[in-house]
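Chain lettering (A, B, C and D) follows the sequence in which the chains are written, and residue indices restart at 1 in each chain.
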Amino acid sequence: MSTTSSGVQPRPGDPAITPALVAEHGITPFEYDKLLGLLGREPTFTELGIVSALWSEHCSYKHSRPVLKTLPTTAPYVLQGPGENAGVISVGDGWAVAFKIESHNHPSAVEPYQGAATGVGGILRDVFTMGARPIAMLNSLRFGSLDTPRVRWLVSGVVKGIGDYGNCIGVPTVAGDVMFDPAYEGNPLVNAMCVGIMREEELITAKAEGVGNPILAVGARTGRDGIHGASFASEDLSDENEAKRPRVQVGDPFTEKLLLEASLELIRSGHIVAIQDMGAAGLTSSSAEMAERGDVGVVIDVTKVPVREEGMTPYEILLSESQERMLVVAKRGHEDAAKAILRKWDLQAEVIGEVIAEPVYRVVEGDRIVAEFPGSRLVTECPQYHPEARESAVIAGLRATDPHAVAERSEESDASWTLCELLSSPTIASKRWIYRQYDSQVRTSTVVGPGMADAAVVRLRGTNKALALKTDCNSRYVYLDPRMGGRIAVAEAARNVACTGGRPMAITNCLNFGNPKKPEVFFQFREAVHGMGDACRALGTPVTGGNVSLYNENPQGAVFPTPTIGMVGLIDDIAHITRSSFTTPGDSIVQLGSSTNELGASEYLARVHGVTIGAVPVVDLDHEKRLVDLLLSMIAGGHVRSAHDLSEGGFAVALAECCMGDREAMLGASVDLSDVTLESERALLWGEAQGRVLVSTGAPDAVLTAAAAH
Amino acid sequence: MKFGIVTFPGSNCDVDAVHAITDQLGQTAVSLWHRDHDTQGCDVLILPGGFSYGDALRAGAIARFSPIMQEVVAHAERGAPVIGICNGFQILCESHLLPGALMRNAGLKFVCDWVHLRVEGAAPMFLNSYQPGQVLRMPVAHGEGRFVADESTLDSLEGHGQVVFRYCDPAGIVTAESNPNGALRGIAGITNAAGNVLGMMPHPERAVESLLGSTDGLPLFESLLARVGA
Amino acid sequence: MSRFRVSVHIVPRKGLLDPQGKAVTDALHTLGFGDVDDTRIGRHLVLDVKADSAAAAEVSVTAMCDKLLANPVTEDYEIVSTVTA
Amino acid sequence: MSRFRVSVHIVPRKGLLDPQGKAVTDALHTLGFGDVDDTRIGRHLVLDVKADSAAAAEVSVTAMCDKLLANPVTEDYEIVSTVTA
């Protein structure tokens, strides 16, 4: 294999580089100039493909990085912050938790089953390439109205895709959240989160190291599927995309299961120095990023890559997004031992390249150099933008609209009519029809599965501890007031985790927004991220990683801005695990936090009146922090039999959920609200004032005393 | 007593079975690799749940040909206990150690839920520690769990006490609503004629700890201890 | 109107990964059928349709394939026969 | 040796409940294809096999069906065509 530079040669048959071809690759004239500067010459067709992938929004974060830099990322227990395949925190006793969330919105809009399935596959690989064994999956979904056949088709495909993949690989899907709103009609959101555990010393990163070390392609063969998926995920969805369908990738959870077991065995074996998923932009981005992190050069020979189809060009091999593939840097001389482990799991591995001292990223096809870039500058010097941000006057107007001015419908004179209307809203109603299709119990560690509490609880075998896990984001709030909405997304996730007895530790996040080049969208993005940062700082939950998905829009408009939060909490003692439904007749019901006259941005207004208006409820982050502490101390003190946070639908809906949550043992409740004096009865019942939790207790005095002290 | 739990490519409840046997039952459990022929002197062999070979073609169709299956057959022919759970049940049917077949759920969807089961039949090896007619609560998690066989096979299974678990409501009554997959005659688990090979769709190894919601699976394993003599 | 029996093949699109076919090919090799180079696993549908003519029945089934039966993104379909039922 | 492409139908045995076929018929009705009376869904396998003759290829595929491809309890199979590939 040629490891010295002898000049890049275009391949016979490559198309000529024209402005039209450059544009087709999504590279702007400004970016092309930058590329010419980097190379000092015209790129080859192969190089153009590589650059278009690496500089796509999906891989380069070119519009989002400066804003993301403002997020807090540190805490004494953070072992790995943003920048790696997944974030990692220590949970004590030598155990570490790796977790990350990722979107597969665009692929799922085109082919919901495969799109969602491969999304699950990708996030699983991100976690087990850190050395962690995946122990739980979560999913956060957003769809248009369930009334249209197309949306029902999307939902059933997405749910089946998530289920089939997770069920087959044997990682339980334990929690999630789903919201339906016309804002997602053309652009569903499919975010999947994976959580894994490992011993702290087993942590491994994706850093190419050691000149002379061989680079191996492991797992599935490379086919023509998904070529340019990364640039696809960086464009608006239009009818034209219908024609781009061959880009769809097919998932193979069986191969992934083998890859999972083999990778963990490889990592523990000491034969390798680094491992990385070939995710978006496949071999290109995995090899370039590994080289950049390790500050070394790499050479890859595409003729050594096992392919599924004949006649594949270097361009296709480099950009294929065939699933279930890994890039591994082995220790020199250990490649055969590594291959033996893979063979045991019926997997293929081939040496396709080498780590080199010369600081170049070089791709060869036998003797011919088909692409070569100076050092890691392709990754580090990708273009960055600071787009204009301006709030939409229309949205500001909606926010300023007084929700109390919305006239009551006549049926509302009977509050139980309104309650039924809200309980039957697909966003509020039980998601059992979804999560029954997910194996939530495999690995026999799911103490609290979907539907049983505000967050899922997964015990850490061999310890007395458990993790509390939840995804959340009320995007209606973010739409009307991105700063406040960003704060609430984090606060609600923290509240949910605390209701189960877990201390909020850290978050991962998936930022689903529209086209960042539109000032109105970039405003939402910037403000929502700042809001998240505010809440993370106040609650002490650093951001350890995440994913940005932009261009979630179509000619009808953008989705609600949706910064999905994936929260990990730690329960110190499994005896403290708390569920959300009432357990014991005769218990007292106590509301922590105060109700207010706030009615804006509520599910009530959306469901009953069809409007998204009004001021978003104000979240007091200091109060949220104290609420979390109060919950944890009361739960540890043994005073709380159930805890449920008040969210969509407000007090009345939360109370109903506490009564009906346990399908096998439903209870009733009787409450007296005559002492609560609010101007608006609607706000009392359906308003979504923040910082409130309903607890049931056999010791109401102890609860009230503790609450007063906080 | 020594339990051997087979790992096929794609098995994913193998580790859970090992934990159930060692952590909850206090017995010895070893993992057996599908390509091996050595059953390491195990008294009981368990084919665990999961998606062997990704359920390609039909669940269990390919795993049945793994080398270890020759030893499983020999073990069964000696009259020693074999348990197939979920995918393991599918493998046992595919290898004709048990009659019938498991087809796609009638609802066409994967179902993960708690079900109730009525204990019946005459298989003391597995049922000794249960009361006849006892109602159990256990998880199911499968997409191809609809037990089918022709009428005469079904009659014969029932006539010989080989139907050991049936889906029922919490009161023990067999109803269509309590049947998660449309299995004929509500059948959730059967044994072979000799009563030493058990196949069941529900997961007893997931029902061995009150922390996880049920301990109704424990007596199944305890029956074996009492019978074979630890 | 008469009744026609229309037979349709739906197969995974060429070039897309067919994990099931791959697993079956590997299994056949293990079982000693080394001469199998490739297996593709699709579906075979038989539809009984009322229509004025065989041609009309096929037009109708084509529409069904486009709309529901085949996944336009990942599968190709072919009407293989139409007979009176 | 030449290469043959053998096409096999594997169908659920008659008399067994076919929930999938029923679900598809119902969905077709909902979509306005009311003239569909019945849908049966089976598997369609296409195997590329090296063999000395078409007949030998079919013998080989028959053995594969008996051993692995079809479940005798629930399915019937039929080799529908064999062409040189």
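Going forward, a contact is a pair of C-beta atoms (placed from the backbone, for glycine too) under 8 Å apart; a residue touches a chain by one contact, two chains touch by 3 or more.
Nothing here was measured: the structure is a model prediction, and the numbers come from that model.
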item: Chain pair, A-B or B-C, that carries the greater number of C-beta contacts; value: A-B
item: Whole-Å separation of chain centres (CA-atom averages), chain A against chain C; value: 37
item: Cα-centroid distance, chain C relative to chain D, in whole angstrom; value: 9
item: Where chain C touches two or more other chains at once, by residue number; value: 19, 23-24, 27, 31, 41
item: Multi-chain contact sites of chain B, meaning residues that touch two or more partners; value: 53-54, 56-57, 62, 65
item: Set of chain A residues in contact with two or more other chains; value: 252, 254-255, 346
item: Arrangement of touching chains [line / ring / star / complete / other]; value: other
item: Touching pairs among all chains present in the structure; value: A-B, A-C, B-C, B-D, C-D
item: Complex contact set, residues of chain C against chain A; value: 12-13, 15-19, 22-23, 26, 71-74
item: Chain A contact footprint on chain B (complex, rising order); value: 9-10, 12-13, 15-16, 19-20, 49-51, 53-56, 109-114, 139, 141, 143, 170, 203, 205-206, 208-209, 211-212
item: Touching residues (chain side chain B, partner chain D) in the complex; value: 57-58, 61-62, 65, 93-94, 99-101, 103-108, 146, 148-149, 182
item: Touch list for chain D against partner chain C, complex; value: 1, 3, 9-11, 24, 27-28, 31, 33, 35-51, 60, 63-64, 67-69
item: Contacting residues of chain A [partner chain B, same complex]; value: 160, 163-164, 167-170, 252-255, 257-258, 345-346, 435-447, 459, 461, 574, 664
